[in-house]
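To keep things clear, I will list the structure first and then write my remarks on it.
Each chain gets a letter, A, B and C, in the order it is written, and its residues are counted from 1.
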Amino acid sequence: MKLHLKIWRQKGPQDSGAFKDYSVDNASEHMSFLEMLDFLNTSLVQKGEEAVQFDHDCREGICGSCSLVINGNPHGPETGTATCQLHMRKFKDGDTIVIEPFRAKAFPVIRDLCVDRRAFDRIMEAGGFCSVNTGNAPEANAILIGKETAEKAMDSAACIGCGACVAACKNASAMLFVSAKVSQLALLPQGNPERGHRVRNMVAQMDKELFGACSNTGSCEAACPKEIKLENIARLNREMVRATLVE
Amino acid sequence: MLDSKIPSGPIEQKWKNRKFESNLVNPANRRKHTVIVVGTGLAGASAAATLGEQGYRVKVFTFHESPRRAHSIAAQGGINAAKNYQNDGDSVYRLFYDTIKGGDFRSREANVYRLAEVSVNIIDQCVAQGVPFAREYGGTLTNRSFGGTQVSRTFYAKGQTGQQLLLGAYSSLMRQSGQKSVEIFSRHEMVDLIVVDGKARGIIARNLVTGELTSHTADAVILATGGYGNVFFLSTNAKQSNASACWRAHKRGAYFANPCFTQIHPTCVPVSGDYQSKLTLMSESLRNDGRVWVPLKAGEKRAPGDIPENERDYFLERMYPAFGNLVPRDIASRAAKRMCDEGRGVGSTGLSVYMDFRDAIQRLGQATIAEKYGNLFQMYEKITDENPYQVPMRIFPAVHYTMGGLWVDYNLMSSIPGLFVAGEANFSDHGANRLGASALMQGLADGYFVIPYSIANYIGGTKLSPIKNDHESAKATMAESQTRLEALMKAKGGQSVDQLHRKLGKIIWDKCGMGRNEAGLKEAMGSIQKLKEEFANDVRIPGDNQLNSELEKANRVADFLELGELMCLDALERKESCGGHFREEMQTPEGEALRDDKNFSHVAAWEFTGKTPKLHKEELVFENIHLAQRSYK
Amino acid sequence: MGLEIEFKNLSGYPIGQSNWKQASYTMMKCKSFLGSSVGQKFLVAITGLGLSGFVLTHMLGNLLLFVGPNAYNLYGHKLTSTPLIYVAEVGLIVLFLTHLGLTMKLTRENRASRPLAPHQLPSNVVKRASFASRTMALSGLMILAFAVLHLVTFKFGTYYETTVDGVPMRDLYRLVAEEFQKEWYTAFYLVCMVILFTHLSHGFTAAFQSLGLQSSRNKLLKRAGLAFAVLVGGGFFIQPLYMYFWGGN
């Protein structure tokens, strides 16, 4: 298949950046989206042009490295799919595809399509953990957790920290990411001792990183490659109220 | 002779004895000591977090943007532990026995016993961190079975166990980072090891964003940088997984052990075209319910659903009735290859076999299967556009794990004092074949429970003079790195790094993959020599020294080329078949691997000399387990 | 001796310290809550629901227009002659200003979080997020403008007098009837009611999510939100229409 690509090229954080046009002939519809970019890069390199920089690693939709806003959609048009799992068979011969980085104040562009998502790490640093030192854990089966609770926690824990929720939100809000972590640990008894501090500190850090507030539009949920649910955000809000009033 | 420093006493006492004999570092003194951890997968993150908790000053390096992206995250199936929650006859001793046997008697007894022993603590630790393992209705933890065992000892979190365990370790690491006991250098790659007076004293790191080289000195260095499966180009490893940290350490004096022991995983999505960038694993847990088969006749053209029961060959169940579809990985892979060699492979390439869930869906219902494997089925459908609830999955073996790695003693210290190696990067626990769900176990065992003792023992028992970042050796090492990078940038050839890497991968897969023989290996070594020259002259790296994926790849592929050659040499030298290493000259009449315990019951540790590598042997002593031909029949 | 129950201290802060410390801890918690985006959205939701309650009762009261001039004027008279009206008015102003002030602040911050021209927004936002949810700030500002005009026209508009059952009172009905004889005014009013409808259709549901009570994905809640918006918007919509066609005589 033949494709026209409009790819965002930006030298560095200070550069203003612009779209550049490329065309790819002979792409296969069985290629993954990133393989199509590899294919483009090989031809660029052979011509002595700089390869397009993009983040990727596992290419199985779990490491959360890949990003890209494809035709206006974080991770492309398919629901519940990360960019690396997207295949060219979802596009048509002759399509024009616009490829941009994730855009948010809190995610500065490093180069081309690579952005810096370490703000998420700092939010995790603020409270996304159970304080347990190695060696002082109780016997695993001493903590009983109902199957349904465990599964609910697992659904929240499935977040891969890719940042698509931020990229999809008109406010660049990180609420879905933060709420997924808060939910996981709020649902489990292990998270109980630090429940209030956790949510307070993580939200404070989120605000400090200049992510926007939640407008409850639901775009994040629609863009999430792991289909993390909006109810997590409701739970986060509840946890904040609880941390203030109940504790 | 290599000294593996195995503690004295009966096997059950060895680890206890070592812990008691170990030197310690006073809590108040720990913050005076800097420890560098390279890599933030299960082993690296858990080691760094634990050392941080204990009070050391820890510097962590990862080439990823965040520690959470390390490739441990992609492990699907589960983690073994000898909890015996299912009351089905499991014990520390049985896990130890299964692992030694599964590894085809090429691993060190004492290490494996310790691994089995601490496996139970790992589960406790992870649960306390909030890892949402699968549970029974009553609230207790549940288990599933994995290949090579007859008990249910695998703990899991859907098909994302690696992710959940890594996020657990990562959260502990972030907690330490918040408390400033750990400093994280993300998008930093180790490019060399600083050795002073024969001891590892730091690393040279390259900031991948700015291209700047910096030196970081320390009292000990821990490499937890994963395996080298990407030598093959196509593997289930993440695209950026690489062997450079280990290889650079090897070139500074760390021995590389058993490089030819690579694991070919039987259940991967088959290759679809020559543009393919990587292979995707389908968890081994699928073999609990999926039945593997090929058509009875060669050249079968009918759709799988049209082939009647009596014209199907469930070859694993036929050949290995006791373990059936759950034989160890090396055996399942070789059996699948044999079927394809006989012309009974399926799919357009003829290079795949069916894994069929029809019977399981009939027995348990689609909902139960979806609950167990839903995300894996979905993943398969995304890649292949085929619905595995309706048509059988097509699978084929792919490179998945490397049992070989830097040689370490019982304390996980390499042949360079002060350089420790943890997780897949070392060679220690899996012998010639790793059992499913044991990689996560080993990574966390090393990081949480072994490395902290080893570091205390080393720092507490070694005179370490203070060292600054601008020490003479650091400067010299940095200059060498600079020169190497500049040389790479200078080449103005016509091929991209990937093109050259694919060529290397093809050589190794064809000649040093599932089947190896003397002529092929010799030929491969010649081809690699030529490819090295081609790489030096014809690689092209456009762009600058800042964030540049081409430069990163070139830097890594240069090392893969050298490592690939050593793999072939090791495979050539080991004139026996064992585990994942199958020398076609050495097989039983039924085509099973034929070991030669008399001549090859040793670890082959290679020393880098600049010319022909020098072989050091560590004899393996089996005091507890009787050496026997593996049988899963 | 009776059993002593030891309460689990979940906060991590020692219990049983001096009251002063407890009080300052509570202060700290409130400050951190109200200082956070989540806390501010909580206030927006609370005030939004309060205002929703107001528009609902306002709409219901105005249904007396259908009964006739006397009923309507009597209702207006009763409402304004109790001193409680001042308390209610102050409350309403506080609700309104809090809602307005906080949303303006948050909107500014949200814009700064994504410093881009609107055309660069991922089309995903356009596709997946409802029109109403994307335009809350705009619809809110339009409602503000409308409210001001509305007060000027009616509350501070011409004071006609009438007597009902011998009691002199304001003839608000006459003013309403007069105003809605103007086509342009009626049309403008109707447009504003559609805007109010869109604002409520997202806002009512979203408030429950911001309060942490229920996910705004909940089907029942979504329907309730829509029903509420239809009720209030629709109720306000038919009143000017009625007055335009039948209010003149």
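Quick note on the criterion: a residue touches a chain if its C-beta (ideal position, glycine included) is under 8 Å from a C-beta of that chain, and two chains touch if they have at least 3 such contacts.
What you are looking at is a predicted structure, and each value in this text was computed from that prediction instead of being measured.
*Asks:* Taking each chain's centre as the mean of its C-alpha atoms, give the chain farthest from subunit B.
*Replies:* Between subunit B and every other chain, the largest centroid distance is to C.
*Asks:* Give the identifier of the chain nearest to the protein's overall CA centre, each chain being represented by its own CA mean.
*Replies:* Going by the distance between chain centres and the overall C-alpha centre, it is A.
*Asks:* Taking each chain's centre as its mean C-alpha position, how far apart are subunit A and subunit B in Å?
*Replies:* The answer is 27 Å.
*Asks:* Quick one: subunit B and subunit C, Cα centre-to-centre, how many Å?
*Replies:* Distance between chain centres, rounded to whole Å: 60 Å.
*Asks:* As a quick test, compute the distance in whole Å between the mean CA positions of subunit A and subunit C.
*Replies:* 34
*Asks:* Among the residues of subunit C, pick out those that touch two or more other chains and give their numbers.
*Replies:* none
*Asks:* Please give the residue numbers of subunit A that touch subunit C in the complex, ascending.
*Replies:* Residue list for subunit A touching subunit C: 69, 71-74, 103-106, 167-173, 192-197, 200, 203-204, 206-207, 210-219, 221-223, 229-231, 233-241, 243-244, 247.
*Asks:* Considering only the defined contacts, which subunit C positions touch subunit A in the complex?
*Replies:* For this pair, the touching residues of subunit C are 10-12, 29-30, 32-33, 35-42, 106, 109-110, 112-116, 120-130, 133-134, 136, 202, 205-206, 208-218.
*Asks:* Show me the residue ranges of subunit A that touch subunit B in the complex, using the header's touch definition.
*Replies:* Listed in rising order, the residues are 12, 28, 30-32, 34-35, 38-39, 41-42, 44-46, 48-51, 53, 55-65, 80-81, 85, 87, 89, 110-111, 114, 116-118, 120-121, 124-126, 128-141, 143-147, 150-151, 153-154, 157-158, 160-161, 184-185, 188, 190-191.
*Asks:* Of all residues in subunit B, which touch subunit A in the complex?
*Replies:* 46, 49-50, 53, 64-71, 73-74, 83, 85, 121, 123-130, 132-141, 157-158, 160, 162-164, 167, 170-172, 174-175, 177-178, 184, 186, 209, 238-240, 272-273, 275-278, 280-281, 378-379, 382-383, 385, 448-449, 452, 492, 494-499, 540-543, 546-550
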